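Each in structure tokens, the structures are laid out below.
Here come two complexes built around chain A, the first alongside chain B, the second alongside chain C.
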Partner chain A sequence: MTAVDRPAWLGKPNPGATALRGVALVLICLVVIFPFVVVVSTSLATQADIDANGGYVVWPASLSFDAYQQIFNGTQVTRSILISLGITTVGTAFSLVCTVLAAYGLSRKGSLFQRGLLTFVLVTLLFGPGMIPVYLMVKNLGMLNTYWALIIPGAVSAFNVVIIRGFIQGIPGELFDAARIDGASEWRVLGAIVLPLSRAAIAVVGLFLAVGYWNNYFGPLLYLNDSSMWPLQLLMRSFVLQGNVSSAAQHIPGTVPPPQQAIQMALVVIATLPILCAYPFLTKHMSKGMLTGAVKG
Partner chain B sequence: MTQHRGSAFGLDTHGVSRRSVLRGGLLGAAALAFGGSVLSACSGGGGAAGGSGLPLAAMPTYVEPPKPTPFLPGSADGVMDVYKAFPLDGARTVEGTVGDGGDFQFLVMTYGQPAPPLAENAYWQTLNAELNLNLKPVMVPYADFPTKFPALVAGDDLPEVVSLPMYMNTPRLPQLAEAKFTDLSDHLAGDAVKKYPNLAGVQESAWRNAFLGGRIYGVPKSDPIFGGQLYTKTDLFEKAGVSEHPQSLEELQETAAALTDSGSGVYAFGGPITELVLQVFGVPNKWTRTSDGTFVPHYEHEGFVPAIEAMASMYKAGSFHPDTATMDKTQRDSLFRTSRLAMTYDGNRAFGIIADDRELEFGMARSFEKDGGTPVYWTGGGAYAVTMLRKTDDAATIDRFLRVMDWLSAPFGSKESFVQSYGAEGDNYSIIDGVPVLNERGQREQDLGFAYIAGAPQILCNPQGAPGVDEAIHTWQTSVVPFLTDNPAQHLYSETANAKSGSLEQGVTDAITSVFLGRDSATALERAIATWKSNGGDKIAAEYAEAYVG
Partner chain C sequence: MVAPAVVVLLLFTYIPLLGNVIAFMDYVPFLGFRDSEWVGLDNFSTLFSDGAFWNALWNTLQITALQLLLFFPVPIALAVFLHSVLRSSVKRFVQSVVYLPHFLSWVIIVALFQQMFGGAGVLNRFLITHGVTPLDIMSNPDTFKLLLTFQGVWKDAGWGTIIFLAAIAAIDIHQYEAATIDGAGATRRFWHVTLPGMRPIIVLMLILRLGDSLTVGFEQVLLQRDAVGPGAAEVLDTYVYFNGVVDGSWGTATAAGLLKGIVSLVLVLVANSLAHKLGEEGVYQR
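Let's look at the complex of A and B:
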């Protein structure tokens, strides 16, 4: 291949262009990272720092962990974190099992009622039932004030079923034929062939499910009357949106309450940290899984 | 309860606390979010039927409750008593056992984090022991109340007791009450209330909020009648050499200009002062009832548009902080505290200013009229919330509910009131120099919200707050009492207002914002008012006139 025939992206990079690209990427990263820096800095700032900076601090003059101490004072936040972790773990596992089973069944031509069931699933993409009908259903099933109310109603999304179904359909049919010739059952085919080859798609869908369960506050608001069962996001909402640590707060002699903004930002850090920690373990699957269905043939 | 301030910039929910709401904090956003209006007319006598076809219930007979001698006495007009500390040896006002050992589930709105669970909550355990009940709160965050409450109603899943804050403007409340809650008129109207002595000590202005369709459907949580006030940062006024009590519009404008130093980042105002300027221009409290019985909205008052223009001229002159349109209460309080805002208009006893900083030196400007004449001061509704019992015919359940409300309405100085305010000694409070002092745990555990679903007339007693503030508030309240102006439609029901007032008033609010920020001329506001009238305002006026029982 001559220099004329060679495509531009295979050629030797121009140093100037490389430098420019580097600068642009650094700037973009700074723009993305800056809000996180402000959130963490403000959570560690004193009232004087916050007042001097008009509410949000880029670099605190002095560090203060009072906001974190206030938040973890008592067991509520710790308990709500554990509740959120539990709901996310169980909910994600449950949703993935249901979604993968549904997607596999609907991907096999000739399955019983395949066409009708697929239409039934796809119709749910068009519209939702609304808040009150779902509430009535949850109530009539006796799930009010239980954690299952946060998992079962939203366990299976038609969109996720379609994504994984499409991925499974992309697996070469010869693999399935070979497995059947060897006497493998459908369960064996699912476990030994489909799941290993679908790891990327399942990882991406699982991550989105996990983030959804972790961030969900609306379900707990509606279905959980007992505040000791509240997950972290709903508890956080009381702080961040309403802007108060305690509605009965008075000045306690000898103490200086931590600034409200610091407490709010500390809660944002606490709520975001688990998801941030999980992301690095799944990035290797993301690039492949994200393009699922994007390229045909 | 005070009328909401109706932010000129739309929603402003930050920094709302139960205390700031109870004492007149920011409420406009909630009203807009929920939409609707208020309660039915009430009357002191029989005769005409209420909405249910039953005769109008009589106002509960008022019996002044026993109280300790105040440091500064209040008045029947609404000035609050001032006390230096809570008496430690108050007598019990409720005889016998209140509860039956069973569960008492109640819905309450919260403004902060939920209280610790029962096993860790000494305050909650103390209440259970005092009342012989197993309290089971259903706590709903303030921001989510308009979502959760309709779901509970639609799902027929209401708790036994529901506390509804008045400023939430629950849609079709009279119809809801008739369908889902117990009519308590036979137990509370007239002298019947004397069976519950503390409920008889709740003032009439609070009880008016409990009348729906002419019948009594709940028990009010009593609230001061005062609304907003203009707080002044003393050091900035001293530095500028101007008085903290301007007595005319011209003086206010000159004061604002003298206080503003944009080079140093100091401004006279940082938030909406719509209600302040309207009152300065003598605009009546939302509605006026003429001698022929017609209701006229305050939008039609000759001073309404000029008041907004005056506010706009101060904005144009640079007296407002550049971020006024987007600033929230927390930021505003922070700027006020650090002497970068000279004045802030907020609810009576604005919580965020007083409790956080004992060193904060500030004043409260007296009311004034634009030309130095007689000012007006808008009163509120007299109750923070109304607490209702889910529909039942069981006499024992009704009696238990009313005994609990009676316990909660025990007056200041009583043993019951002390328990509600302080909880368990050692765990929640300790005695320092003869004064009970809440500790951090006591403060947090009171987020249970139980003490806020009913209550006796409020007093001023904040020994842990900034020194001298209670006396200053008493002085300020005394100064505005001669100018109190009621809203004649405060407790009247209008179908149209209940269904549409949120969307109707949004148009006017948006026009006020546009004029204030200089984006539009006053004609835009006049057009918005005309639209408000034609789209429902005139109908609301007619409905109020019909609902009024003289």
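Let's look at the complex of A and C:
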């Protein structure tokens, strides 16, 4: 089997153009990948290595995991990682429950207030209320300095509801009819038909939600005053971008402290790792789930 | 079943929407909505006499213009190029590489850029060792808007190709065959088949971007504002944030936010009706 699918009308390939195209492809990939190579190498480099190169390392002469060891030896980074994981897990779960329930509820034509509620949800696609009124609302509800402030206000996105609703509407109606004739309740239909059959769409939306919660840094900045509550992104902003690195790592007595740049880059690696782990699943479902949603607009 | 979503939207979208009334109030958190004084349009006149507001607006429009000029065409060109790659394994690999930056946080992106282009970054070390004066890229107010645009391209140009690739894939293959039989070369096929086939999507994306003219990468700008100062880096969203949440001028900040919301809505409607006039479908049907 040949992987090249060349239509007849395209004619014979021009070797020069093909070579040029190959060079361009390699360059594009390098532009994306090279910064990651530098970050990972620097995080694994020794002080001598970094000094010799003046601040960064493309390929470390010798490997050293000191930076990672010290980061996990200190409490602050470990705690912020746990906080980020917690927000991501709870946030994604809460968001998915609200979204899937709404999507199913709004997918049945002719149910009570269906049209009105659908409009109610869709209108929020057109405009948002603005930063200050939402902030004051969160404040008045006493949610400042709680993790709920990061989870609940943005939990329902009309866009996600529309995507999952579209998927549910694609399920053959006969399945629903059959279940209802057999006396299944709406919850039973949801559990036995909707959830299993729209698993792919829910998985994609869930992954995107999780990435969003993991990457969120403005939410914590806005709503959390207490730096001991900071999730990883905010801590990273302070250590890597603002250079307050000294408290990032707990120095292990009797050892040479790892270079500051290594600690900073190790943090970047740690923050990127979960995204990289989720990435194969994202790309796998992306073409199926998101594309249909995206093209429909 | 819709109840949880409705409650969340009611609490954090609809009621705050009404909360915009504090744009017409001298809002004092201690007094709350009930007892704060109504001041009519005072907040707006304060806003319009504030040089920092006009600066923020001007910066925002400049960044939008730069993005339309330098960012918007990139995913289109990249999609056309990727579509021309026939070996599907190679194509899929490159796609999954260029989609990746979209999923990284702005904190990570800015850290990566600092590592590459900062004072002690890869580029400047290279320049120094070759006897060239290092470039101030990350903290130069004059080129800051270009930097923002470039970061945007690195992060989202690949991701942006998805929708254009779908548009190209939907073009009827017989059009290419017919064009080739009629003697059209690659260039003319591109102009007369590929581009017209992509046009509805291009117009749609352009409308959406125009409607978002007043929104430019809030997190991205906020992270780097300190490096170049508010003169070059203040945009409408950061103006609202610093005036309201940081300085406590709730009324003025909300007025700015409200103004932005209304103008954005009008922009979408105008851009859309313009598209209708030009015979395109636009975002929604009439």
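Everything that follows uses one rule, which is that the second predicted complex is superposed on the first by the 209 of 297 C-alpha atoms of A that agree within 3 Å, B and C clash if a C-alpha of one lies under 4 Å from a C-alpha of the other, contacts with A are read in each partner's own complex, and residues count from 1 in each chain.
The rule we apply is simple: a residue touches a chain if its C-beta (ideal position, glycine included) is under 8 Å from a C-beta of that chain, and two chains touch if they have at least 3 such contacts.
A quick note: this is a predicted structure, and the numbers were derived from the prediction, not measured.
Enquirer: Tell me the contact category for A:228 with respect to chain B and chain C: first, second, both or neither.
Expert: first
Enquirer: Using the superposition on chain A described above, determine whether A:273 touches chain B (first), chain C (second), both, or neither.
Expert: Touch status of A:273: no partner.
Enquirer: Does chain B (first) or chain C (second) touch A:75, or do both, or does neither?
Expert: A:75 contacts chain B only, not chain C.
Enquirer: State whether A:35 touches chain B only (first), chain C only (second), both chains, or neither.
Expert: The second partner, chain C, only.
Enquirer: Once the shared chain is lined up, is A:54 touching chain B (first), chain C (second), both, or neither of them?
Expert: A:54 contacts both chain B and chain C.
Enquirer: By the touch definition at the top of the document, which applies to A:102: first (chain B), second (chain C), both, or neither?
Expert: Second partner only, chain C.
Enquirer: In the overlay, answer first, second, both or neither for which of chain B and chain C A:260 touches.
Expert: The first partner, chain B, only.
Enquirer: Between chain C and chain B, which one touches more residues of chain A when both complexes sit on the common chain A?
Expert: Larger number of chain A residues touched: C.
Enquirer: Touch check for A:156: first (chain B), second (chain C), both, or neither?
Expert: A:156 contacts chain C only, not chain B.
Enquirer: Once the shared chain is lined up, is A:27 touching chain B (first), chain C (second), both, or neither of them?
Expert: neither
Enquirer: Jot down the residues of chain A that show up as touching in both complexes, chain B in one and chain C in the other.
Expert: Chain A residues touching both partners: 54-55, 131-132, 135-136, 139, 218, 222, 237, 241-242.
Enquirer: In their complex, what parts of chain C are in touch with chain A?
Expert: 1-6, 8-9, 11-17, 19-20, 22, 29, 32, 78, 81, 84-90, 93-101, 103-108, 110-116, 120-122, 125, 128, 154, 158, 162-163, 166, 173, 176-177, 180-181, 204, 218-219, 222-223, 226, 237, 240-241, 244-245, 250, 253-254, 257-258, 260-261, 264-265, 268, 283
Enquirer: If we count contacts the way the header does, which residues on chain A are in touch with chain B in the complex?
Expert: 50-52, 54-55, 73-76, 131-132, 135-136, 139, 144, 218, 221-222, 225, 227-228, 230, 234-235, 237-239, 241-253, 255, 257, 260-261
Enquirer: Hey, which residues of chain B end up touching chain A in the complex?
Expert: Those in contact with chain A are residues 13-19, 110-117, 120, 137-144, 147-148, 150-151, 154-155, 157, 159, 328-331, 334-335, 337-338, 351, 355-356, 358, 432, 437-440, 443-444, 446-447, 449, 462, 464-466.
Enquirer: Under the stated contact criterion, what part of chain A meets chain C in this complex?
Expert: 3-7, 9-11, 21, 24-25, 28-29, 31-33, 35-36, 38-39, 42, 53-56, 58, 97-99, 101-102, 104-106, 117, 120-121, 124, 126-141, 152-156, 161, 186, 190, 211, 214-218, 222, 233, 236-237, 240-242, 264-265, 268, 271-272, 275, 278-279, 282-283, 286, 290-291, 294-295, 297
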